[in-house]
Structures are given as C-alpha cells and as structure tokens.
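Got a structure for you, questions after.
Letters A, B and C mark the chains in the order given here, with residues in each chain numbered from 1 onward.
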Amino acid sequence: MRLNLESHLNFDETMKFIVCVKQVPDTTEVKIDPETNTLIREGVPSILNPFDQFALEEAIKIRQEGDEIIVISMGPPQAKKALLKCLALGADKAILLSDRAFAGADTWATSYTLTQCIKKIGDFNIIFCGLQAIDGDTAQVGPEIAAQLGIPQVTHCESVEKLEDKKLTAKVQTDDGYKIVETRLPVLITGITPSFFEPTNPPMMSIMKANKKPFSTWGAEELGGSKDNYGLNGSLTEVIKVYSPPAREQGVVIKEETAETAVQKLIDLLSKDKVI
Amino acid sequence: MSIKFSEEDEMIRESVREFAQSKIAPIALKMEETKEIPRDIVKGMAELGLMTCTADEKYGGPGLSAVSAGVIAEELAKADCTGSTCVYYLVPASWGFLLNKYGTEEAKQEIFPKTVSGEWFLGIATTESDAGSDVGATKTTIKPDGDGFVVNGEKMYISGVREAVTHGGGHITIAHQTPERGTRGMTTFYLPLTAEGITPTYINDLGREGISCGGFSINNVRIPKHYILGEENKGFYILHEGYEYARALISVICASAGLKSLENGMNYIKERKSFGKPLAEYQEINFRLAEHYTKLNMLRDLGYKALKTIDLEQEGKVSRFETSNIVAQAKMFCSDWACKAINDVMQWQGAFGYSRECLDQAAWRAVRSFSLAEGTKEVMKMIVARELLGKKQY
Amino acid sequence: MISVDKEKCTGCGLCEKACPFGAILIVDKIAVIGDECTLCGACVDKCNVEAITIQRKKRKDVDLTLYQGVWIVAEIKDGKVRNVSFELLGKAIELADELKQKTCVLLLGDNVKKFSQYFSSRGANKIYLAEHEALKDYYTETYSSVITGIISKYKPNIVLYPATINGRDLAPRVAATLELGLTADCTGLSIRDGLLLQTRPAFGGNIMADIICPVTRPQMATVRPNVMEMAAIQGNNNAEIIDVPVKVDLQGLKVKTKEVIRGAAFECGIPVCEADTIVSGGRGVGSKENFKLIEGLANVLNAAVGASRAAVDLGWIPKSQQVGQSGNTVSPKIYIACGISGTIQHLVGMKSSDIIIAINKDPDAPIFNVANYGIVGDLCEVIPLLTEALKKKLSEN
C-alpha cells in the first residue's frame, strides 16, 4: 500500500511536476428546475476547475528550464478539453484516465485511480492539486493521494514562494492569517485560490501549440492496480439521496425615506421576530 | 447537421468571448463617439493572437484555419454591436491570408511581425471613385522602375487608412501593369501607407465608426520588388482568394450580429407589455422573430460551410470555382437578412429603437455595409449565375 | 448494482426526469441507466411500478460489531477549546445515545489534560488523551500518525472531525491511510438503520446529498462549524481518562513551519468560520477607512468581521476574512451583508446562514433575493444608526 520512497527520489537536475485537474460543471451557472427540484444539467458549460487552474499556474510559476509539467485527470472522454486547456496554458504533457470502470468514484476511488497513474509516471518531485473541486467541494482527494503515496502534504497553500535545494517554501492559509512552511521533496500541495487570481483563457498561439503536445488516454488495463478499488465498485461512501436544499423564503426589503426610519423599522422587525 | 467545432475551436471561442465580453462590449457604443478603437483594446486583441491570425507560425502568427478565424469573428460580433473591431479584425485576417499564401518571404518577414503585434494595420485598397465592382476599370498603374516599381493613382472608400497612416502598415492593392491586356495585365502588391507620395483623405461613413473610412492619392510612390504578391501581371486571379476569405467571415459576422440583436429583442418583447400583454404574444412579432431566427441560422451554417470550403481548398480537396460559388452563396443575402432582422428589433423597441443609446441601431448601420464591402451582393449573384450557366468566371 | 425490470417498466419517463445526474434515457419504451449513475436512488423513489432496484455491495470479512463508540477529535487553539469541538460533542452524544454506545473525545496536544474537564462536564464518557511536547503545534505528519494509531487500536464506530483548516487537512489523510470512507463538511448527522447518515451540500450549495459508509469502520466525517448545537454543561465530571502514550519526533518532520503571521482577525479574536454573527463588507463600503463602520457594528454584536472578495482584492481587509467560493464557507446565526451585491461566488459561502440581513444602495442587488431582511440605502448612513440603535436595544435587554 505504501510506496517505497526511494523510487521517487529524482536526483537529476530537472524536476517533474504532476498536476491533478478535473473538468467540472460551472456551478455558478447551475440552476434548479422549479418543477422537479433537480439540477438542470443541459446547457451548463463544463470548465476546468478554477482551483486546479491556479494549481497549474503555480507549477508554471516555479518551473525552470528543463522541468516537465504533466497534467492528469480522471474523467469521461469530454474531459480532454480541460486537459487541452492545461496544455495551452503551459503544461507539457497530458494524460486522461478514462474508462467505464472509473465512473461513479467517490474520493477514495478517485484518489486511488490518480495514485495509480502517478506511480506509473514515477520520478516526480511535486504534485499540485487544487484545494477542492467546485462540484464535490470535499477537498479530500489531494490529501488522500498524498497518504497513498506516503509523501508529505501541504494544504490550503496560497502561493509557492520558492524552490531551492530540493526544498519548497510555501505560504499557507491559517484561520487568522498565514504561515510560511518549508517542506522536503517529494511533496503534494493543494492550493486555494488567492483573491487576485482570475482564471484566464489562453491566447491563440498557445491553443495551436496545445494540440501538438503529447496526449494519452489510459484505461484500467494500462493502470493496473486492484480493479476492486476503481469507480462505483471501489467507492467506500455511497450517496443514497440527492435533493434540493430548502428554498429560502422571500424576505422583507425595507425602502424608507430616511435612514433613520429604515433602521427603526428593521429593529422593530428583528425584535418582533426575536432575532435580537 | 450543423457544423461541429473541434476542441481547439471551442477553446478559441472561450478565450475570445472572455476578452470581447469583458473588454470590448462595455465600451462598444463609446467607439461611435470617439471614432477609434482604444489602443489598449488593439493591444489586447494582438496579445490574444487575433491580428493577422492567418500568418504562419514562422512569422509569429498562430496560423489559424478559416473556420477558427470564423469563430473569432462570430464572438467579436456578439460583443461589438458597432462592428468596428469586427472589421479591424477581419480585414487583416483575410488579406493576411493572401499575403501569407502569395507574398515573398522578405515581405512576410518584414510585415507580419508588425501586424501580429498589433502595431501595424494591414488593409485592402482596390476600390476607387470610379471603379468598385469592376476591378478591371481601376485607373491606378504600376510600372517597373529600376529594381522596383512606381505606382500612381488613387483609392477611395478604404477602411483603416487613418490607422495605417498613424501607426504604420499598408494595404494590399491592385493596379494595371500592362494596360493593353486588361485584367490579364494587373499586378497585386503591398502598398505601405507611410510611403512618400501617399496623401490621405477621410470621409464620414454611416457606421463602424471605430475604424476610419477614407482614401488616398498615390503620387509616384516607389515600392520594392519584394512587395509584389504572386506573379507580375497575374494579380487579378489571386486577388479573389482574399475577397472570398473576407466574404466568408462577413457572412458569419452578419449572422452573429443579427442573432445577437434578436436576443436583445427577445428579452425586450418578453418584458414589455402593450394593451395588457407582452409584445411577445403578438403573432406579428413572434412570427417575425421565428423567421429571422431561422434565416440567420441558415446564414450561419452557410457561412461556416464557406469557411470550411476555403480550408478544404488549401488542402487541394476542392476547386477554386467551387469555393467561389459557395462563398458567393453565403454572402449573397447576408447583409439583407441581418438588416431586416435588426430593423424589426429596432421597431419592436419603438422610440427607444430609434435613439442612439440603442445597441441595435449601431448594429444595423454596421451590417448595412456588408452588402457592398469586399464585394457587392450583385456581384455575388453574377458569380453564382455564371457558375450555374457554365461560363467560367475567370 | 442497479437494474431495471423490463417486464415491469412502462417507459413512463418519471425516472428520467427525477435523475439528478442525467443518467437515465428512455429507449424503445424502456428505461436505460447509463454510466453516470451514482446509485443515489432518486429513480427508485419515483418509479410507480417498482421496476428499478438497487443492491448495495457488502465488503467481505470485516466484523463491524467490533467497532464501538462515537468519537470526536477536539481542536485546541490559543490555549482554549474551540467551540466547534463542543458542537461535535453535542452531536456525538445524540448519536451515541441512539446507538447505545459511548461518546469519546480524542484530545491531542501538549499540556492539554486540563481541558478534559470541559468535555467531561458536557457529557463525554471517555477521553483518549495523547500528550506530548511535540504535539503542541498541529502538523499533519504527527497528528495523523497518532490518530491513525489510536483508531486502529481502539476501534471506534464513528469519528467526527471539525471542518476547520486543520480538520480538513487531517481527516482525509487518516481516511486514506486506513482505507476508509470519509464525508466532508457535513451539515447534518443522524442514525438510520444503525448507520451514520451524513448530509452535506455540494455543487456550491445548490444540492444536498445524504451519504453513508456501509462497509468501512470507523465511519468518518468532517463537520461544518457553527451548525450543530453545542453540548450543554451537565455537571457530572466522571469521564474516564485514558492516557495513550505516544512517541512523536519532530526531527524527522518533512514539513516545518518557518513563520506564523497573524492578521487583524487575531485581534478580533473570532475566526470567521466559527462566529455566531458575522458583519461583512463588500465593494459598496467604498474605502479601507469606511471598514471601521463594519468593525463598529461587529463590536456591538460581538461578531466577526467578514468580507466579499472585492473588499479583499482592494486591500481593505485580509484574505483570512473572505467569505465565498475562494474564501470561507460560513453558517452563522446572523449574517449582515453591507455593500455586497451578492454574486453567486459570495452566496456559495454564506447562504446557509440562519438569518441574512442585507444593506445595499441598489434595490436590484441579488443579495436581496436571499436576505430575510434588507435595507435599501447608503450604508454610510445606515450602519452608524443601526449600530447605535442595536447598542441601545441590547443594553435594554
């Protein structure tokens, strides 16, 4: 289960970074069908998870000449688009893990699958992940990969500050500020997006170059590993019901002539409703 | 089956849409007042790789296909109701395509880096006061002179003259080298507008006010040999490939601008009530909506078909004549259909539709130009008629 | 495993409409279930002729009855027990009572024995105490190994972690090490058919999911702060304290903390994700100076100060206070949004608040769609008046 760390130490000068990404529905565009109370999935665009794009951009930021960035993703064939975007943004190589056997995976099965791929790639120095996917919102896959690989993890990373002498310095968010940590390699980092990050779309030249970069699709056969751990079959949690959260009732909007009367009215309402 | 876009084209669309909606859409109407495209927008377009996007990679361009160029045009048209950035984009794209295909290595090395970076403008200047559709009636002449050529004449109703004169660049143009041979003795070449002997004039045209309209006189302007496109005296034939690239892009732009206007109109007629019910419930209005929507979607498909045909022609899979034919079909009604749709959208909005604050009136004025720009609709009918009746056009 | 009985299926399409994942198609008048199926069961519920059945897998050779006890992982910060620990305890006692099992607390740290009484007095039955100098500060490596070890040895049925920054760093590490199912950021927990039923939001809070861990033990979940009721003080103090000897060596640590910088929030004292009441400012506040208005109101209400992304981007307040998709997700009793328009990205972070009060100049601001109470007005006028009025009102009570 645990990996022999020595096989992952890379004594070459150049580094190998692996970035784990996911294609997700744009949850800011998701709507609920008022009649059936279910998610309307048609017409919701699929995007590269913004947290993952940030993680990729951090990898690109600290990359030096000769370093390689490989992006990997577990998803249906359409997820190729998210990986092509990563190639356009600056990744060198992409691998899509796509197989019916992987479908329906929870965070355990997902992290297991990604771990198998990472082991197969081998010789990595840093794994970059987004903190969480905007559909699942669990933030579990990154640390679960790190645990399975037996490597240290740094979560809630705001930025990678520097990489020197096989040590990485990162700025990490805390409840009331931040801390600077230093970690040995190899390490897995999950990044939160700093507020100034705007996921941008790549220019034409980069898009044209993307298609020429190496792209492979691997299935369960190529990955090997224990088939019992993939997909729905390998999931350790089960979703037994999905439903809409109760709708918030329409509230009271106070529009008064003066601020004084508006505030008075609010206080009265809050008292009446026993809020204060 | 409507055209299916590649993943690459979908990424192109997203990148252009993000830029166009966030940077161009908010200031679109303003360009009608300032009569220019802000330089930082031009820079942004260039950084995105839109300017002379058809230039090969070795000259710094992304070397896009015609279909990809169409995707860009479509997104710009959605965002820019005035059409100024659409024209600022489509002209260099189309004539960059011609320069890329028939220009000398020396010319391409000199011109493309400047146009790709957004510094120079690359335009087309064949129209004259007395010669529009009848290109053969041009009075401009080009004569060999030493190791170069000397050009004399004038051009009129040309887009981008002010931009080229101010920031650099030039226009692809055509002139008689061997007048007695008529169209068989014309040469196509690049004419830098900053050259000595060029005197520009400017006119006020009806729309697309962010890009200038004007003309220039050409007085003994010397150009080097490497500015010739293709072979001397054989310029008339290659010129049409440039026109056709532009025509195909224009078809997609008209469809996109028209559909965008319809979208504006739809939002309005759903909300606005008259005599107790929303305008959308009146058959006179919703039937027109349905008709325009159908026609503009047909136009869009035909426009992309034309672009795809151009790409296939470059691969040798389709003949020159077939391309001319399909492109002419696409452009034939593009302006009429889009103008009719936009005109109705303006009408639905009543008095507001007649005010300068309405986006659709700017779109109408822009789209109106496409019944004549890069080839009139009458010429399109000539082309198709000739193809059908067997008489070869060239 | 999900199957459609072709004899029973009438092709009515109710299941197709009910499926939240678009996994069902009616083909030739029979329901066909595709790869997107997650076994959520929405279709089974909807089918009028019982044509769809789900069989849940059983993992072999694990005797689940060996696992007993509902545990919580306590979090200590700045020499105090964090409120969320008592919220977890409250819920754990409820679950344990229903299962007729014991409630236990995992207490790690340096010199933390003194905190046992707080858990004991609130109803904990056992406290597993792992004290060591090296456990003074949280490190993934040290805490996860200790907890993994204790869990393996003492075999709890359920373990709850707070969904704080540390908790969300720790829980998945432990889960993957032990190959366990883990559910994140739960807002609801209960027992159904002897199993822990975990309820959590997904899709940015647009849907709720009920989840179980049928085959792995312990069943683990991280729990969102400020949602559960804190355990009440009962007065007894007879929790059994089990000292767990631990060996922790900081020398071998691969991740070391070099520097800790605490922002303005430290001065406020209440981390935004734990606060009962939050007063938040957005772009409409107008300037860093004006944020003092927000702070003033927060002080009167003993609230934490929050912010939308716009305010953080403009440098008016540190990022640790940000509420929203790329900031904190909060569930306070009262959330007051001042000069915040209410973009989806912000709503994702606060729409599960009990009461939302909005103050904004723009009557069409989307925040008014989720607010229970709203004032359309200039916050520079409204907030000082509101602060005064509340101060007066609260001192009356």
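Here is the rule we go by: a residue touches a chain if its C-beta (ideal position, glycine included) is under 8 Å from a C-beta of that chain, and two chains touch if they have at least 3 such contacts.
Computed from a predicted structure; not experimentally measured.
Student: Expressed in steps between touching chains, what is the minimal separation of chain B and chain C?
Tutor: Tracing touching chains, the least step count from chain B to chain C comes to 2.
Student: Most remote chain relative to chain B, going by C-alpha centroids?
Tutor: That would be chain C.
Student: Rounded to a whole Å, what is the gap between the Cα centroids of chain B and chain C?
Tutor: One centre to the other, that is 56 Å.
Student: Counting only Cα atoms for the centres, state how far chain A is from chain B in Å.
Tutor: Roughly 42 Å separates the two chain centres.
Student: Report the inter-centroid distance (CA atoms only) between chain A and chain C in whole Å.
Tutor: Those two chain centres are 19 Å apart.
Student: Could you list the positions in chain B whose residues touch two or more of the other chains?
Tutor: Residue numbers touching two or more other chains: none in chain B.
Student: Going by the contact rule set out above, which residues of chain A touch chain C in the complex?
Tutor: 1, 25, 27-28, 30, 32, 36, 38-39, 41-42, 50-51, 76, 100, 103-104, 106-108, 111, 134-148, 152-156, 158, 169, 173-184, 187, 192-197, 232-233, 235-245, 248-256, 259-260, 262-264, 266-267, 269-271, 275-276
Student: So in the complex, which bits of chain C are touching chain A?
Tutor: 17-22, 35-42, 56-57, 77, 140-141, 144, 164-165, 168-169, 171-177, 179-185, 197, 201-216, 254-263, 265-266, 271, 273, 309, 312-313, 318-320, 322, 325-327, 334, 344-345, 348, 351-352, 355-357, 363, 368-378, 381-382, 385-386, 389-390, 393-394, 397
Student: Across the complex, what residues on chain A touch chain B?
Tutor: Where chain A meets chain B, its residues are 80-81, 84-85, 88, 200-205, 207-208, 210-211.
Student: Quick check on the complex: what are the chain B residues that touch chain A?
Tutor: 7-8, 10-12, 14-15, 18-19, 47-50, 53, 57, 61-64
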